[in-house]
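Next come two complexes built around subunit A: one with subunit B, the other with subunit C.
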Partner chain A sequence: MESLEALVAHIQGLSGSPEEVAHLHSLLKQADGEPLRAHAAALVPFLAHLSPETHSLGYLYLLEACATSGSNLSDFGGGDFLVTIAGFLTACSADQIRLAPDKFLNVCRVLKDQVMQLIMPIRGIAPLRAAVRKIQSSPEQLTPVHADYLLLCLLAKQYKAGLSVLEDDIFEVEQPKDLFLYCYYGGMIYIGLKKFPKALELLHNAVTAPMSMLNAIAVEAYKKYVLVSLIVNGQVPSFPKYTSVSAQRSMKNHAQIYVELSTSYSNGRYTDLETFVQANSAVFQSDNNLGLVKQVLSSMYKRNIQRLTQTYLTLSLEDIARSVQLETPRDAEMHVLRMIEDGEIHATINQKDGMVSFHEDPEQYKSVEMLEHIDSSIQRLTALSKKLASIDENMSCDPAYLMKTGRDRGRFDGRFDYDDYDSVPHKYF
Partner chain B sequence: MDVEGEVPAAAAAAAANGLGGAEEASAAPVSAEQLDVEAYAAQYSGRTRLARLLFIADRCGVEAMQLEALRMAYDEIKRWEDVQLHRDVAAKIGGRLGPRFGLDQAWVDTVTRRADQRKEKLENELNGYRTNLIKESIRMGYNDIGDFFYAHGQLSDAFKSYIRTRDYCTTSKHIVQMCMNVILVSIELGQYAHVSNYVSKAEQTPDSLDPIIVAKLKAAAGLANLETKKYKLAARKFVETGIELGNNYSEVIAPQDVAVYGALCALASFDRSDLKSKVIDNINFRNFLELVPEVRELVNDFYASRYGSCLGHLEKLKPNLLLDIHLHEHVETLYMDIRHKAIIQYTLPFISVDLNTMATAFKTSVTMLEKELAALITENKIQARIDSHNKILYARHADQRNATFQRVLQTGNGFERDVKSMLLRANLLKHDYIQKTSGPRKM
Partner chain C sequence: MDLSAVQAALSDKSYSALAPLCDELLLQAASKGATTDEWPYSVHLLAHLYVNDLNSARFFWKSLPQEVKETRPELAAVWRIGQCLWNRDYAGVNTAAQGFEWGPDLAEFITAFLESYRQRIFKLLTSAYSTISVADVAHFMGMSEEDATNYAVQYGWSLDAATRMLTVKKLKAQTNQKLDASKLQRLTECVFHLEH
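The block that comes next holds the complex of A and B.
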């Protein structure tokens, strides 16, 4: 085993071009392991000699050895070490670190653990965000760092920071566990930002993902899914047929209280719902869902008032209070006022007569903004369709698929026919 | 059938005072004329007369009427041989009509003994026929046994016996006879699925049927549909019933009943054009309606939009209809449907309607009317909105252009969402598949 100085010299020397880096990589792999870790304490000063951008790969190996050496990080001067890691994550070169993804992931994990231990999650946000971008091979790929990053955003209540990562659509997933965590934390962030439709989308993905056995993350996601769907739609849809069998069978059993909540909600009486919530508030609290449940309660008023807009042109505040089961007309006025401000209904309150006049949605779909909105939607959807078509085409040319369908067809006919072959799609050059 | 005994449902009948006690009270105050039990029962014969009398006795709250019904039932039962019913009626009378109307044990014993004897005889005969394998005799044997059971109130046995004649029917006349027997017993048992079944069987016989039989079948079919709540089909069958029915089916239904049931079901379920062509202009059905002029007035009022008087007639008829064994469970639903149709029809031609005038037309208060309208609007049966301040109903037609835009945007969003999740799921499955083919790997 070379001495540390020699190793560092190699790193400094061989970080120029990609071939050199490859050579360096093999050297480092040789040097990696327990011996390196044993010298962990000694490594730190050497790190100062290396620069994170140019010597990323070497830096990474040394850093990872320090981080996973098992000794307490405070030995390395705690906070400073954190700064070192953070600096590295922000500054490293993406190409080099992609050669050793596991190590990179380990380092990120260590950062997250450390930050959580110090109860300062906000310090981990910026470095991890950079890390996400660097390790992703394409913006559509999900990495384990995503889940950690979102967790930190949640703990630090920096929901907007989480948005930048959530806005990319994910199409490639390597580890299903990452997906569940990503969807769950992402859903919570959207709930925090009150963007309930998007939260619903993410939670829906978590609940309907293919899984051979039920996992706890999916169950928690389902509980939130029920609550958010009550807020958005007023009802909980049944499982679509692509949900996995294990989910369909046992999901509801683990979330019994929530199912009862949704039936109570659909009966439409506020007082019943309220008593139900009071009775079970301990359960909701233990699931950390009490806040969301309270929002479900208030959404019931909103839904009832919205229903009134469909039937009446003007309605007195007492009548509103009575049909929505509020206490006084003043409460009704407050609710209606808040809904008007939030843009959920279009109405005017006439305080003199105590009347509310409901108006039609003034959107005429004639403005320039609306046109742009429609145009961009169309473009987005066309791109999506193309993507879908290309994936379908690729799939049809996949040898495994051809073998399966060819085999079925063969079984049916009992012999190979040229006609059969012709109808199987070929890739056109 | 005497004109005077026109179903009191038809004549200026009204609820007896205490009648509201048993059922929901009728809204309009009515004069205290009671259902003439004797005349009512005179229209029917056979077991249905008994059933109806007992039903009236159970349902009406007026003691006098109850006793009258029970008395008539008692006398009627003596003519038949149903021992169980005799016991029931005697128990119900409870000695209130004097000693003559008590449980007549001697009669019971004689009848039971006679019945046993007859049963034995019939069974022996049947066995004899069966060994002889003479189809016609076997058929008649089963028929006789069926009749015997029917007379004794053992309805399911009667049903079974009648069904068994099926195998031995040779001509279509036999088949028809079998069907009619089965229908009769099924109606009394309340098994209306069988009724519909056998009606269609009877109608499919190759020979052309006697018009009376056709009418009977139509009436029975209508009854079956009514009881299974298929009001539109029931109405169609009733209006197609030929007038030849007359009194020939009095063991099941009287022609006044055909008129009443048919008219009510038609009002509740037909649309305007059907109402005109099938009910008002239907010469055949007009004959039935003549028997119940009140109902005829009712239908005409509805068609001519005189809703106040129409609803008034309905209220008057209600108490007696509640005493009818076939109609009583459906009265509320039918009335509600008719009322809703009236309201919808009223609002159809207008752009705006003053709720006060509408309330007087329908003889209800403005608040009640507003509630009813709100319910109908929520169910999307009326396209309108209520101006609660000025108490006006404005017709409102959805703006198609805006609605289309909204729907398009929504569909686009839905598509995007679904395709994205699908691609994600496909990807997950692919990884799963790859892992499976490349052998077990640590997850």
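The block that comes next holds the complex of A and C.
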């Protein structure tokens, strides 16, 4: 094995063009492994001679060897080493590190473990945010770093930082576990930001994703899914057809108390729901869902007041208070005011007469802003349907699929029935 | 730690830009492992309240170490404003903001915050009420009854002195309905897509 100095010299010399980098890559692969890790402590000073942007690939190999060498990171000057890793993740060149994705993922994992050990998750946020963009081959790809990044955002309570990664639509997933964690943590971030409809989408994906056996992440996601469904829609929908069989059969058994909560909610009486919540608060607390359950409880007032708008045009504050089980008309007034502020209801309060008048939604869908909104939605849908058409086409050409459908239709004795095969694109002929 | 951008924004009075700026700087500083003793906590928290981003304000407060919360009375005073906003104690916001001796960096920011808050509350009252008592208006806006009446009358509200009730004048909603030619192109693309 070459000496470290020779290796470093290679790295410095061969990081110019893509061909040089490819050559360097094969050299590094030869030098990689236990011999490199054994020299871990000696590697650190060499890192100072390399630049993270231009020598990204070489830097990555050396850094990964140090990070996974198993020795305590404080041997490398603890906190400073973290700063080195952080600096590398932010500054490295995406093209170079994509040649060695496993090593890059290892380094990210080490960073996340370290900041969690130091109980300073906020330190890992900016570097991992950069890392996600570097290793993604396109914004539609899900990587293991996504889940780690969202976890750090949750722990550090930097919920808004998590949004940058959640806004992309994901179309490519490699590891199912990444998807489950991404949907679950993403749902929690949206819950924290009180964007409940978006949280519902992500949690729905976690619950209905294909799974041969029930997994713990999906069960936890289901519990939150029930609670968020109640807040958004006032009811929990039944499982859609595409949900996996194992989920449909056994999911509810693991979340029995949540199912009971949703039954109690649908009866519409605040006091009953309150009693139920108090009786079972220990269970909700141990699931870390007590805060969310309390939000479900307070959404009951909102839901009941909204129900009133379907029956009445005007109603006195006293009647509202009585029907919704609030203490005083003043409470009812404050509740209605709050709902008007949040845009959950269209109404006007008349203090002189103590009445509230309910209105229709004044939106007439004629303004320029609304047109822009509809326009961008149409564009997104068009792009989505094109994507779906191309996925469908690719799948129709897939040999495994063709074999399965051919088998189901029975044997053909070598004859081609053109009518039957018309749906197959003519790529093969 | 380079806080010049924050200072610049404060002196420019570009208060709405402060919150994302502070957030980003904090993340960058944390990744470099810098200590955050001289971090402008009060400014950061108030910046969130200024744009009415109560969620971020709450999480920011929750993430602070206990020691920081206890040793900075100005920060605690800003948080009291935040608590009132969170609990929708509309009047309490004014008392909390006006009842503290603010330091020189924050004094102007607080005044700007109160002004924008007052406008927001007035807009809410305009949209939510058809009639409202003078006492309530004064209560929500944090003004004396006379000041509140004058403010309201300025915006076209009418006062019924006998019952001490104000009748709200609703604003005519401005809707922009002008279309332009590029929409035709869009429409063509859309129909083309539907046909195929």
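One rule holds for everything that comes next: the second predicted complex is superposed on the first by the 409 of 429 C-alpha atoms of A that agree within 3 Å, B and C clash if a C-alpha of one lies under 4 Å from a C-alpha of the other, contacts with A are read in each partner's own complex, and residues count from 1 in each chain.
Here is the rule we go by: contacts are C-beta pairs under 8 Å (C-beta built on N, C-alpha and C of every residue); 3 or more make two chains touch, one makes a residue touch a chain.
Values in this document were obtained by computation on a predicted structure and should not be read as measured data.
Contacts of A:29 after superposition on the shared chain: neither subunit B nor subunit C is touched.
Contact with subunit B, but none with subunit C, is seen for A:312 once the two complexes are overlaid on the shared chain.
Once the two complexes are laid over each other on the shared chain, residue contacts for A:377 go to subunit B alone; subunit C is not touched. Legend: residue contacts after superposition of the two complexes on their common chain; A:349 is shown touching subunit C, with no touch to subunit B.
When the two complexes are overlaid on their common chain A, residue A:192 makes contact with subunit C while staying clear of subunit B. In the superposition on chain A, A:364 contacts both subunit B and subunit C. Looking at subunit A, you'll find residues 353, 364, 378, 385 touch subunit B in one structure and subunit C in the other. For subunit B in complex with subunit A, the touching residues are 374, 377-378, 385-390, 394, 399, 401-402, 405, 408-409, 412-413, 415-417, 419-429, 431-432, 437, 443.
Of all residues in subunit A, those touching subunit B in their complex are 169-177, 179, 201, 204-205, 208-210, 242, 307, 310-316, 319, 353, 355, 360-361, 363-365, 374, 377-378, 380-381, 384-385, 387-388, 391, 400. Residues of subunit C touching subunit A in their complex: 23, 26-28, 30-33, 55-56, 59-60, 62-63, 88, 124, 127-133, 136, 163, 165, 173, 175-179, 183, 186, 189-190, 193. The residues of subunit A lying in touch with subunit C in their complex are 79-80, 82-83, 86-87, 90, 120, 122-127, 129, 156-161, 192-194, 334, 336-338, 340-341, 347-353, 357, 362, 364, 366-369, 371, 375, 378, 382, 385.
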